[in-house]
Amino acid sequence: MIAWPQHLIVLPILIPLIAGAGLLFIPDRQRSVKAMVSLAATIALGAVSLLLMAASGESRFGAVYLVGNWAAPFGIVLVLDRLSALMVVLTALLAVPVLSFALARWHSAGAHFHSLYQFLLMGLNGAFLTGDLFNLFVFFEVMLAASYGLILHGSGPLRVKAGMHYIAINLAAALLFLIGVSLIYGTTGTLNMADLAERLPTIEPDRRLLMEAGAAVLGVAFLVKAGMWPLCFWLPSAYSVAAAPVAAILTLMSKVGIYIIIRLTLLLFAEGPSAGFGSGVLLYGGLATLAFGTIGVLASQALGRIGAYSVLVSSGTLLAITGLHDEAATSGALLYLLSSTLTLGAFFMLVELVERGQDAGASVLAVTMELYGDADNEVPEEGQGTTMPATLAVLGICFASCAILLSGLPPLSGFVAKFVMLSALIGTGSVGSSPTGGALIFVTLVILGGLATLIALTRAGIRAFWSSIEGTVPRVLVMEIVPIMLLLTITATLTVKAGPALAYADAAVRSIVDPGIYIKAVQGVAPQKSRRDHTAAPGE
Amino acid sequence: MSAIILFTAVSVAQLMLTTAMAISSVRMFYGPRAQDRIVGLDALYVNSMLLLVTFGIGTGKTVYFEAALVIGLIGFVSSVSLAKFLMRGEVIE
Amino acid sequence: MIYSAADIPVWMAVVVAFFVLAGAALALIGAIGFLRLPTFYERIHAPTLATSWGTGGIMCASILFFSVAGGRLVAHEVLIGVFITVTTPVTFMLLARAALHRDRFENNPKVPRRTGPVKL
Amino acid sequence: MLPYPLLTVFLLVMWLLLNRFTLGHVLLGGMVAVCSSWAMAALRPDKPKLRRWYLLPKLFGVVMLDIIRSNIAVSRVILQGRAKEHRSAFINVPLELRDPTALAILSIIVTGTPGSAWLEYDSRNSSVLLHVLDLVDDDEWRDLLKNRYEKLLLEIFS
Amino acid sequence: MVVILPFVGSLLTAFLLRTNSRLLPASIAGFVAATVVLMTAALYPSVANGGVVRFEIEWLPQLGVNLNLRVDGFAWLFAMLVGIIGVLVVLYARYYMSEEGPVPRFFSFLLAFMGSMLGIVFSGNVILLSVFWELTSLTSFLLISYWNQNPAARDGARMALTVTATGGFCLLVGLVILGNIAGSYDLDVILSSAEAITAHPLYLTCLILILLGAFTKSAQFPFHFWLPNAMAAPTPVSAYLHSATMVKAGVFLLARLSPALSGTYEWFMLVGLAGVSTLLLGSYFAMFQQDLKGLLAFSTISHLGLITTLLSLGSPVATVAAIFHMVNHATFKASLFMAAGIIDHETGTRDMRRLSGLLRYLPITGRLAMVASAAMAGVPLLNGFLSKEMFFAEAVETHANSWLDTATPYLAVIASAFSVAYSLRFIHSVFFGPPPMGLPNQAPQEPPHWMRFPIDFLVIACLVVGIFPNFTIGPFLHAAAVSVLGQSTPQYSLSVWHGFNVPLLMSLVAMTTGCAIYVGFRSYFSRCEGTPVFRHLAGQRIFERVLVTLSWRWARSLESRLGTRSLQPQLRWITFLGFLAAFLPLYLAGFQSRMLSPSDLDAAFLGIWTIGCCLAIGTAYLAKYHRLAALVMLGGVGLIVCITFLWLSAPDLALTQLLVEIVTTVLILLGLRWLPKRVGDLKDEMTFRARFRRFRDFVLAAACGVGMAFISYAVMTMTVPDTIANFFLNNAYTQGGGRNVVNVILVDFRGFDTLGEITVLGIVALTVYALLRRFRPAPDSLAAPEQQQVQALFDEQQPDRDAGDTVRDYLLVPSVIMQWLFPVVITLAVYIFIRGHDLPGGGFSAGLTMSIAFLLQYLAGGTRWAEDRIRVLPLRWMASGLITAGGTGIGAWLFGYPFLTSHSRYLDLPLIGKVPAATAMIFDLGVFLLVVGSTVLILVALAHQSIRINRIRAMDEAKEGAP
Amino acid sequence: MELVLSAAIGFMTACGVWLLLRPRTYQVIVGLSLLSYAVNLFIFGVGGVKSDEPPLLTEGASVALLADPVPQALVLTAIVIGFATTALFLVVLLASRGLTGSDHVDGRSDPR
């Protein structure tokens, strides 16, 4: 018998699954019922994830859940530590506002938005929680499949083209993923991450080399998701054409790749014969991405593309930090991850509101036509939006906050995170030590990136808010602006509570840099006493 | 003795069937018409089904039977769809 | 279930071998015919060798082998025979009809006309 | 309850052939067979009027023999290659058979037999266009089709 | 508290956005500013004698960055300056700002700025300082762009932000380095570890970065250009930010950090060079301005250069002088700006060429401005004179042995002469001469008394300080100097008369030369367009050109060069990097595979794969022009793969592969109808580029192929002793209750994977469905296929045929057979499902079989026919499937087991005996349901397009027929 | 066996990659299918290949010789997911063709 709260670990996966499936029973016509169910599920998810985060902080290591009651290397384990709890919470924190934003109009721009959204959350949470490589593949696919659907949500030529590229590229990446995972299995005989980390030091050299080749191939697959240059060209197009709430939630997707990379490099290549494997690629690839993202931010005119390139900037920053292998900087990176994800989420939604004024919602929907099965029309209810006099001011404040957050200007959390990273890299504590070349390039690029973001966003912001002669105020619903403000409030909280947040991040990093802790935790959990009774079975 | 007889017979049969498959795939490649290619595919299915059954005889296991059965019962679905596509330009109207 | 070839008597092995070889040979002949016959309408006759007694032979071999080796009647191969017999004509009919359509459309003189020309 | 008894029996036999003959499987197979028959009923096919179903084995035997014969004949045609010139031709055979199921069985017989192929059925004229690989005599073929198969089928499905 | 207050006030004011009154926000602002002044003043006793007041709130304790406020004499003096001028500016702005504008916003920003400025001043932690530093940049951006309808204001604001924020970033890095050298970000610690800092190898980097921050903020050459452009701001802003406070932040910082950083040659050269050149160029440029505020702006630049120069010298007295001049400059420059604002306000122009003889209209303002200008020019008995004398005295002394030190006194005199000239010009051209002609406002008059009050106050301050320095500013200056210099605070004298000495001589020379310059070039000044000699050194233009080139042209071309929007290059990158990822680790480590040993070669297997490879090549070859042929051959390859699985002991895989193969073929066929016709074998002429591309792709493909072959051989021949598979093989039956280990893995050991996998299938089906609901075929696919047209035409032309006869006859016999197969295939599906746990089969294969049963009916009778008879509700199937599978897993909770724990036992049924029953079967049922639902949904959604298209065609025809 | 299988995997990979890099959507989807065959066989092969030892347990027989069931289970999952994504890509390419009128991967209409 295990304690009830233990089951909480699997809930971030189950709630969206059951909700997503259950929503299929509700006919499309009852949109508001669907919306309520979906929202309720997402809020429940948020509550569960906060509980989990609290739980993960209680012990030295979080908790391990044996799915199917099979012991560690054989069955699939879910691992809740501070890092995964953080990611799950981040997912929920982003998911609730984004969903409420979508409820204003976007959820009716195509079929099955809510189910797809729930499945996306399921995939994200699964990828964060799982401790098994192949299970990770499965959840990656869940997440990707849902993201395919969501990117195409609303249809239209741009979305379909970008979606096609996105899908083709991710299919190719999925093949690489499979090759990598199977090479790892073929050389080590296991799929469990902890078991893998334990076996790695003792296997003979030629197997280890092949395993490293497998890990490298796997890495390419993750880097495609994370958006490392030159594997990232799909990202700006895909994110900038996706429907606003979709782009907002997809900002998490690029973080999944990074999360996995952080987790696996620290677990597998922190020590032992393969120590430091791939860190050069991560560092220089990350720097290249950072540079490319910066260039892209400068070169873009449309706000959506600026946001998309900012995703690259954030990816590049995180990748480079991972490649630098610096504990303190990594906890800064976690803060940065939180801050940039929430900000970009808010930004993508905001962009849609801002541009709505400029482009009379033409991009919202492609031609609506009569449909297979039941022929209900799907014209989203226009005209609910009222033109608030203060709309522009509120949008402007939100925009300014996003700009400050993205460019890392004080005092918001973007700055805090950047400062923590810089401070770590320039070498706190060790008086007289000089930072490495990679770190210096990183610092330079991060600063330049912030500057470029600032330049681009002021340019774009001035154009959007001040230069419009007509001053057509976009029609915005309160329920659209509130989620954005909510997200920004979270970043503000993160700023004020920077100390505790950093303490959490430090603890998270400390618990992952030592593979021993992880291995011991995963292997230390024994299955429940079994009730299986096959020994008495009659023979065939 | 019976093992040798059976082994030889099955091996020779397998070779013959493989050759038959090879010939079918030649038609699949060269056509000349789409019809020929589809008949080639159908023949490939049938011959491989026979190959699986001989494989089962050779190994003395019945577990390979299902695959053969499935080819026997629904292997034709893809060639039928192809055929219908040729005739009507559309598979399901 | 595993049956060993050594479990069956030699004469049975010969019979099984005969059926196997006969079936395979018919299949091979069918394939050769399929390759060598000059027109499509002739070619579709050839593979039926494989689907009729080609299959039949090998199925008989299988039934005999497993029934004798297992000591009880194992006849599920019959089903394969039945299914192949029933399903193969569907493909061939549809294909032949499509070929006919094509030939008529191209005014190929070698095929019998429908009553009346078709002009698109 | 049992819309297609013969079908149900066939499915049960199929189940038992696939599995083993045990009481459990008879019950389970029976259940599956009945359910599948109901599924068939949902399709509302033209229900064949099976009269003398006991003639079916006879038809089966006749066809088996014919197929063996034509197997040999066609093999010879193929193997002798250019040495023996064969004469392939199209022939049109008018049919009295109307029942679709019976027609289907006839088509299976014709196509399943090497050397002949069912090309096109014309419902207006109720005739079928065949292709024969080695045609010696038109009438012999018509006779074969009409007297050997169609007659039996007409007796079975009346 | 003092720092927080303005922010609170700012927020409060921001909530007043809707009010039309300017009184309320102004009163709040005034109240807040006054409170700040009073509270700061109250701190004086604690800081008077080198004392320090501290206050700390925890923020980022891990990194030693807290909300750490620290008030010493210098900070106090500066805060008083910020506060007092703040009060005056608020008062002035209350009258200056037009009521049409969003006045609350203005005061809100102003208060926020005030708070940020106070934050800089009070920060006891360098990081906190840089936080407030950037906040001043942000608030100043908002203040400059207050009139955002005006492009000049927008551009000026943007430029100011860009320059100062860049500097701020540099400053941050510099301060982080500084903190790391000192071991703490605490200001006290940093100030006390001067030796460690100056000796550190990163000292120069750190110094340059900090100076960049300070210079950009304080508009030092060559970053001075933003300040004149910031004059587009409302005058109160200019008076407050651009003369008195914000621009002083840079020199404040230099003074603040000078104990830690100064005294080195690098410091002297860098700071001195910037200071002297700014001093000189600022005053030079100021002479040639036509805009009143422009003149004042350049003058400010020049005075900031003066302060910087003083700080560069590094001597204690110079530092005192610098602090003194900061205060003095703030008083006279703020009053001058306000006077300029009044002139602008009253006359409607700031162009000196149009202004003239205003003393008649603005007698008091004019006289006040004259006094302030005199202070600016350094006329005795005014505060400007005192600090300038100190400057001259310091300039003459030798500090460092370099040319710069030698040149400083001369340059100082020249600059001073220039400043006399422009001060004269300001006064003379505006207030004297003939009455003005053609002013926008015809009747300028004295402003309301309270609007002028700030000027009165400041000018009186200039006078009082200038005459009685020791009684007025003396003690405060001393407290400030002590707090900066500590023990080394020098003896200095603030008296007006030091006797006739070199500095006085220099003053006299400068005064005379200045008058001479003005008299000599008076008419030239009023005619000139831009600044002679340095006309092309327009920082603004250079800056903008650089910015546009860097951030736009280069960025765009780099973006398109380093990135792409096409799919092919991206896929090429992925395959290439995937190849490298596998290749490099092995190659670099010198991986040696064992000798290739021809393992047991099965002739038939070899034969099969010879066929397979040929088919694969054929597929690749034909896929461009012969789609159908490629599809057929692809099906062949799939079949070979299926045989391989069977051959190599994977019957489950073989079964699944086969079924998937069939469904995929049908799917692609369904899609093929909507692809454009491709005219076969049109050999398009190959350009060289195309040839090269093909060659490159070929090489890449070959490399990937060889690589995969090699790796797979290496890994296949490698035995792993203890795989997790052993556990599964040993426990599948005893623990999992099934004999088919693969199936037990799928539904039990790793059932979670399966749950995810079926979810993927479900998601894809939903996506397909959603996308196809909006599907619109290309115009050239809209028509019915050619075959159907011919056949329909034939039916039409024949008198004895009805429409659709051909297709009916065509399908008559086959469809009967396919219908009869329906129950048979269903039975097969059930069979496959039931045996799955022990033998090859299972929910997935069964589901696919079941959906093929449905598919056959669609094929046989068409969509309408099939849906008339069997109504599959795929969404229900899918949802039930997912919930069944998930619910089975949740069921385990009821028994206290983790999710998806399976349970199995043998049920003893009457008549039948023991029957195995496992919850895994229910799970598998879920899989089955979902697979049926999804597959049918995908197939049917695609199949429905044909019907939809008929409908669309009919609608289009109706539309065409209507007019 | 191993040799033949790895050569086959190599061949299919090469053909698949070649098609994947072509400009027509149909070529890409066919290429992806070929690649997934290759990858499935690869996954299947990493456990080592054995003929005639399916992982089906029989009473009293030793399990030591049986083929590795794990890669088989993985391949099954991979087949299913591959099937799903192929279907999706197909529909997306159809949608793209419908919206752009072209079957070029970038929606371009020029022939090259």
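The letters A, B, C, D, E and F name the chains in turn, as written, and every chain counts its residues from 1.
Everything below uses one rule, namely that a residue touches a chain if its C-beta (ideal position, glycine included) is under 8 Å from a C-beta of that chain, and two chains touch if they have at least 3 such contacts.
In this text the structure is predicted, and so the values were computed from the model without any measurement.
Among the remaining chains, those touching chain B as well as chain D are C, E.
Chain centroids computed from C-alpha atoms place A closest to the centre of all protein C-alpha atoms shown.
Here the spacing of chain A and chain E, counted between their Cα centres, is 17 Å. Taking each chain's centre as the average of its CA atoms, chain B and chain C sit 9 Å apart. Rounded to a whole number, the gap between the C-alpha centres of chain B and chain E is 60 angstrom.
Looking at chain C, one finds that residues 1-2, 30, 32, 44, 51, 76, 79, 83, 86-90, 92-94, 96-97, 101 touch two or more other chains. For chain B, the set of residues touching two or more other chains reads 14, 17, 19, 21, 38, 40, 59, 61, 63, 69, 73-75, 80, 84, 86-87.
Those residues of chain E in touch with two or more other chains are numbered 565, 567, 571, 575, 631, 647, 651, 708, 715-716, 718, 723-725, 728, 733, 739, 750, 753, 757, 760, 763-764, 767, 771-772, 774, 776, 786-787, 791, 810, 813-814, 817-818, 820-821, 824, 838-840, 941. For chain E in complex with chain F, the touching residues are 565-568, 571-572, 575, 596, 598-602, 605-606, 609, 612-613, 616-617, 619-620, 623-624, 627, 630-631, 634, 637-638, 641, 644-645, 647-653, 656-657, 660, 663-664, 667-668, 671, 674-676, 684, 687, 690, 697-698, 700-702, 704-710, 712-713, 715-719, 723-726, 728-730, 732-733, 739-742, 745-746, 750, 753-754, 757-758, 760-761, 763-765, 767-768, 771-772, 774-781, 838-840, 844, 934, 938, 941-942. Against chain D, the residues of chain C that register as touching in their complex are 26, 29-30, 32-33, 36-37, 39, 41-42, 44-46, 48-49, 51-53, 75-76, 78-79, 85-86, 88-89, 92-93, 96-97, 100, 111-112.
By the touch criterion stated above, chain B contacts chain F in their complex at residues 59, 61, 63.
On the side of chain D, the complex with chain E involves touching residues 7, 10-11, 14-15, 18-19, 22-24, 27-28, 32-33, 35-37, 39-40, 42-45, 100-101, 103-104, 107-108, 118, 120-124. The part of chain A that touches chain F in the complex is made up of residues 134, 138, 141, 145, 148, 152, 155-157, 160-161, 163-165, 167-168, 171-172, 174-175, 178-179, 181-183, 185-187, 191, 539-540.
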